[in-house]
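Next up: the structures, one after another.
One chain, subunit A, appears in both complexes that follow, with subunit B as partner in the first and subunit C in the second.
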Partner chain A sequence: MANIQDKIAKLFPEATFEEGEFLLINIPDEKLHSLCETLRDDEELSFDYLVTIVGMDWKESLGCVYYLTSTKTNAHISIKVSTTDRENPALTSVADLWKIACILEREVYDFFGIVFVGNPDMRRLFLNIDWKGFPLRKDYDTNPELNPVSIENERQTDDTYVYTRDEKGNLVKNVSKVFEEGDFVVNIGPQHPATHGVLRFRTAVDGETIKKIDVYMGYIHRGVEKLCENLTYPQTLHYMDRLDYFSAHNYHHGLCMCIEKAAGIEVSRRVQVIRVLMDELSRIASHCLFIGTYCMDLGATTMLFYTLRVREQILDIMEKTCGARMTFNYSTIGGVMQDLHPDFVKDVKALLAVIPANIKEYNKVFTGNIIAKNRMEGVGVLSREDAISYGVTGPSGRASGWACDIRKTDPYSIYSELDFEEVTATEGDSMARFKCRLAEIEQSAHIIEQLIDNIPEGEIQAKVPKVLRLPAGHWFQLMEGCRGVFGVYIESDGGTSPYRLKIAPPCLNLAAVVDHITRGDKIADLITIGGSLDYIVPDMDR
Partner chain B sequence: MFDFSIVTSWIDNLLKGWMPSWAATTVECVLIGVGLLLAYALLALFYIYFERKVCAAFQCRLGPNRVGPWGVLQSFADMFKILIKELITLNHIDKFLFALAPYLVIIASMMSFAVLPWGKGLQIIDFNIGIFFLIAVSSIGVLGILLAGWSSNNKFTLIGALRSGAQMVSYELSIGLSVLTMVAFAGTMSVTGIVEAQKEGWFIFTGHIPALIAFVIYLIAGTAETNRGPFDLPEAESELTAGYHTEYSGIHFGFFYLAEYLNLFIVSGVASLLFFGGWMPLHISGWEGFNMVMDWIPSVVWFIGKAIVISFIIIWFKWTFPRLRIDQLLALEWKYLLPINLVNLVLMVIVIIYGLHF
Partner chain C sequence: MPYEAFKDNEYIEQLVEELRASGTNVIVGTFDKLINWGRSNSIWPLTFATSCCGIEFVSLGAARFDMARFGWEVARASPRQADFMMVAGTIVNRMVPVFRRLYDQLAEPKYVIACGSCAISGGPFRKSYHVAKGIEEIVPVDVFVPGCPPRPEAMIYGIMQLSRKIKVERFFGGVNRQENREEYLKSHPVEEQN
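Take a look at the complex of A and B:
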């Protein structure tokens, strides 16, 4: 870390550094772009994966924190940039360096009103286009009269904006169109059987061939980040179940780890093991559902029932221990809600016994089918470079040959002691994404096998103060959800609720990449590709 | 084997004894119309129930089991529900064409019923170009689907209709050619003629290799022709919500739904006519006792039974295979089925000329 700091200090004398979890570089806005370019392109550093952009309102200034990861060394670094102009805040865009930055900057603009100069598509992302105010600013007026519930149709426009600076350095707003004149635009969604939730693809087609897709999000935006700012830390946990509801355990685990790290709480080994068991069971259930719904999207309805059989068995196990089949709300800060059910070990062993036969059946019914092969092979190819540039993680990223499993790159909890393989493929097509998930079920089962016979005894809840206050500071935690890398950022001012809680979901990136990989394919391929990416809409909308 | 023409000619003579012959013909037409509609409705209801049970069995479910014993009344209840549902009128549509389309579809499938060989002597019209007539009227259906998609003024239905047009026009070729192969083998286009020609053995056995190839192609093309999975692109639930009939409601939707099932029956019925002897029982030359037992089974049972078995295979396809993509669908027809079919026709001609059949 020190030599990185020296190197950057030499190149950018105006940068200041803060030590912390990761090295934090303070940089003035003018130098941001060249710093990012250096960090990304330098052979030694190669911070080529933009994990997230955290928009921030520090009251006296507005700004962003960029989290970068090197795919070569797995090192992390963060960059902080701010502006004191609250009236017309503007920062330099890095959308030309990382393709995902375009969407992430739109999100920051939506919540903080910070305009990114050079971003090709500076629209709102989640809120509707007539929304007044920027909700995550600390001076946001929450008066409902300002933004009444509309009973009219939402105003729609094809206009998008690009901000540039003229010679004097003033902001210039240029209007451009999302679609070309005369494009045949089909609305796929928000109510559509194959978008897996209320997501809307505005699809410009030429016959059956897709010309461009405008992903329109926000139909299920609930402002989780804003809500969390007014809740105590234990209360914020409940929202994690409602993001990606198939990785509810994983997300809970992630936020708990972040808070525990900040508060310095040690959790017992029993809790660690239980949490990992639950994470991996969730992963199997989630991938089973993926296989079923994906086959259904392709027209093979029967497969759904075969995969739901396994998922149902897992949900029964969950129900016995957690008391719920969805939104489990199981992990707590410092522990878990209840101890394992007496039947847990027996039930899990029964599950492990049926998994191999089921996977064999899935392969027999679907994977080897000639029609399935024709539909999936070579469809929606995502190269490794694009996967990194778009930050497509999880099984989808690994299918493109990018080893991005946080369980391996940044092992958390007890994953470093476990023996499992990171499943990767090189094809990057829909078939590879499908097969990666199928193979991950086997790996998760293998992890569970190692743990199920030696769950240690111990406390299930560490001692946690009744009123939990985190010391002032900021923390960032990454963890592997079922669909990719889930990041959570907490900034605390020493109070009982977070000053800022930012969630970096994997599904936002998955939806952002759809336009890139469907161009020139058929409408039917959009369904194949969207299904194979396996995004969850509440996760991207938050 | 009981000849149903005894019954029909008895009714004919009876009516002609009472009234002038033009009136008798009118009454007969009405009777046939009523009978046809009844058979049509009952078969459709049966098929809905049948498919739901079969697919439930494939999917480890029970299927309908609440209304009536084993759920047999479920499809009656469903059809009654569809009948009393509101026909929603939409703005900005071509109202006349929109209303016309479902009737075109259902009339096409109903007219095909006229030439099916229901049983010995039980056929509505029997003329020398029966098969030709069948192919001609069944093509009217695509017109209804195109109109439905076009007049709905909806982008999904339009894409569905265009897919349907491309698909049905292409697969009509395969159907036509495989039918032609069998017509060449039978030497007649008359439906009764084709059935009678199979007295000594069904064509699938006597025509051996070329008949088998023709049967496989006919089954694939027939599945495509009925817009069923894996060729259900015009509807493609996960892509186009419901394709060409997205905007239809009530009994207008019901007509599309019924026609789909009845087309399934017609395709299987024609397959049983061309390859499995229509109503002709299974005869094995030399086994006199066996043949006599077979003859005791009524011809109507033979025909409908064969049709249901073939339908079962088509239903099996639907609940097993994923859907094809439009370019793959057309490639399958134009690059594979059509050339194979043409070669097969030549093969069949060679078989006939040199007498290589049984």
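Take a look at the complex of A and C:
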């Protein structure tokens, strides 16, 4: 870390550094782009994966915190830029360096009104174009009369904006178009059975070939990040269940770890084992449902019934211990809600006994099927470079040959002690993504096998103050959800509720990459590709 | 399910009472019964889900909970072919016009079930800046199914309640439900779209 700091200090004398869990570089806006370019392209540093951009309102200034990771060394670094102009805040865009930055900057613009100079598509992302105010600013007017619930269709436009600076450094707003003149645009969604929720694709087609897709989100944007700012830390937990409802345990685990890290709470080994067991059970259940719905998208309806059989068995296990089938609210800060049910070990062993036979059956029924092969192989190929540039993580990223499993690269909890393989493939097509998930079920089962007979005795809840206050500061925690890297950023001002709680969901990246990998493919392949990415819309919209 | 096992029988009895008060012709009444028997046993849902509740709806369709037992398994992707709409999930500001349009596209007679606390009142997201506080502001609702998300059994119970409601409806010259809805739609108009 120290040599990175020296190197940057030499190149950018105006940068200041803050030590923390990751090195934080404070840099003036003018130097941001060249700093990012150096960090990305330097052989030694190669911070080529942009994890997230956290928009911030520090009251006296607005700004962003960029989290970068090196795929070579797995090192992390963060960059902070800010502007004191609250009327017309503008920062430099890094959309030309990381492709995902385009959509992440749009999100920051939507929430904070910060304009990114050079971003090719500076529109609102989740909210209507006529929305008044920027909701995550601290001075946002929450009066519902300003932005009423309306049953009239929202105003639609093809215009988008590109901001540039003229010679004098003034901001210039240029209008450009999302689609070209004469493009034939087909609207898919938001109510469409194959978009897996309420996602909308505005698809420009040339005959049957896709020219461009404009992903239109926000049909389930619930403003979780803003809601969390008015709740105490234990109260914020339950929203994690409702983002990616298949990774409910994992997301809960992630936020709990972040708060525990900040508050300095140690959890017992028993709790860690229970949490990992639940995470891996969720992963199996999630991948099972993926296989079912994906096959159904491709026309193989029967597979849903086969895969839901395993999922229901897992849900029964969860229900006995957690008391719910879907929104468990199981992990607490410093522990878990209840102890394991007496039948837990027996039930899990019964599950492990049936999984191999089930996977064999899935392969027999579907994977080797000639129709499935023709529809999936070579369709929607995503290269490793693009996967990194778009930050496509999880099984979808690993199918492109990028070993991005946080359980391996940044082992948290007890993962470093466990023996499991990180499943990767090199093809990067829909079939590889499908097979990666199938193989991950086996690996998760293998993890559970190692733990199920060795659940240590111990406390299930550490001592936590009744009114939990985090010291002033900021923390960032990464963890592996079922669909990819889930990040959570907490900034505290020393109070009982977070000053800012930012969720970096994996599914936003998965949706952002759809445009890139469907271009040139046939419109029928959109269903195959979208299904194989397995995004969850409430997760990307939050 | 036996009659006594249902929870809110008073409501159904009140509907029957209303029907009796308006009087029924023997022949028309018999046809009513026949048609209602058919309709109440094959209500087709619209595949409509925005979030978590939708996954429980998938479970409901699969082998374990098997809604085909009741004749509800024909989930249609097009609102024009569906009988009722199970609003499974949060409805946010941007979704409201789309949701209302879907409702308007459903063919008569149409019904709505508000499934889960988000659809009923906004649920845990009620205080958000971008969430509709219950779908009753947007469309008339026939049955509410509480839960977050409701268990598939609760959903079955909810749809059974709907089917009971259909059974006591007057199909010929029916006034009770349709009139209420017309009033409702008048008080919640949609502006002319170009």
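In this section, the second predicted complex is superposed on the first by the 542 of 542 C-alpha atoms of A that agree within 3 Å, B and C clash if a C-alpha of one lies under 4 Å from a C-alpha of the other, contacts with A are read in each partner's own complex, and residues count from 1 in each chain.
We take it that a contact is a pair of C-beta atoms (placed from the backbone, for glycine too) under 8 Å apart; a residue touches a chain by one contact, two chains touch by 3 or more.
Predicted model, so just to flag it, every value in this text is computed and none were measured.
S.K.: Have a look at subunit B and subunit C on subunit A after the superposition and call it: clash or fit.
M.R.: In the arrangement built by aligning on subunit A, the partners subunit C and subunit B fit side by side.
S.K.: Touching A:Tyr239 in the superposition: subunit B (first), subunit C (second), both, neither?
M.R.: A:Tyr239 contacts subunit C only, not subunit B.
S.K.: Return first, second, both or neither, reflecting whether A:Lys212 touches subunit B, subunit C, both chains, or no partner chain.
M.R.: It touches nothing on subunit B or subunit C.
S.K.: Between subunit B (first) and subunit C (second), which, if any, makes contact with A:Arg469: first, second, both or neither?
M.R.: neither
S.K.: Using the touch definition from the top, say if A:Glu152 reaches subunit B (first), subunit C (second), both or neither.
M.R.: A:Glu152 contacts subunit C only, not subunit B.
S.K.: After superposition on the shared chain, which partner residues are touched by A:Arg123: those of subunit B (first), subunit C (second), both, or neither?
M.R.: After superposing on A, A:Arg123 lies clear of both subunit B and subunit C.
S.K.: When the two structures are overlaid on chain A, which partner does A:Lys261 contact: first (subunit B), second (subunit C), both, or neither?
M.R.: neither
S.K.: When the two structures are laid over each other on chain A, which of subunit B and subunit C touches more residues of subunit A?
M.R.: On the superposition, C touches more of the residues of subunit A.
S.K.: Per the contact definition in the header, classify A:Arg269: touching subunit B only (first), subunit C only (second), both, or neither.
M.R.: Once the two structures are laid over each other on A, A:Arg269 reaches no partner at all.
S.K.: After superposing on chain A, what angle in degrees do the C-alpha centres of subunit B and subunit C form at the C-alpha centre of subunit A, to the nearest 10?
M.R.: About 50 degrees between subunit B and subunit C, seen from subunit A.
S.K.: With both complexes superposed on chain A, which partner does A:Phe305 reach: first (subunit B), second (subunit C), both or neither?
M.R.: A:Phe305 sits against subunit B and subunit C alike.
S.K.: Have a look at where A:Pro193 lands relative to subunit B and subunit C in the superposition and call it first, second, both or neither.
M.R.: Touch partners of A:Pro193: subunit B and subunit C.
S.K.: If you take every C-alpha pair with one atom in subunit B and one in subunit C, what is the shortest distance in Å after superposing?
M.R.: Here the least C-alpha separation of subunit B and subunit C stands at 5 Å.
S.K.: I'd like to check the shared interface: which positions of subunit A are touched by both subunit B and subunit C across the two complexes?
M.R.: Common to the two interfaces on subunit A: residues 192-193, 304-305, 309.
S.K.: If we count contacts the way the header does, which residues on subunit B are in touch with subunit A in the complex?
M.R.: Contact set of subunit B toward subunit A: 55, 58-61, 155-156, 159, 163, 229-230, 232-233, 236-241, 319-328.
S.K.: Within their complex, state which residues of subunit A touch subunit C.
M.R.: Within the complex, subunit A touches subunit C at residues 126-128, 135, 140, 142, 144, 147, 149-154, 190-193, 197-198, 218-224, 226-227, 230, 238-239, 242, 245-246, 289, 293, 304-305, 308-309, 311-312, 325-327, 537-538.
S.K.: Contact residues on subunit C for subunit A in the complex?
M.R.: Subunit C residues touching subunit A: 47-52, 54-56, 58-59, 62-64, 77, 79, 89-90, 92-98, 100-102, 124-125, 127-133, 137-138, 148-149, 151, 188, 190-191, 193.
S.K.: Okay, in this complex, where on subunit A does subunit B touch?
M.R.: 184, 186-187, 192-194, 208, 295-302, 304-306, 309, 365-366, 369, 371-372, 374-375, 522-527
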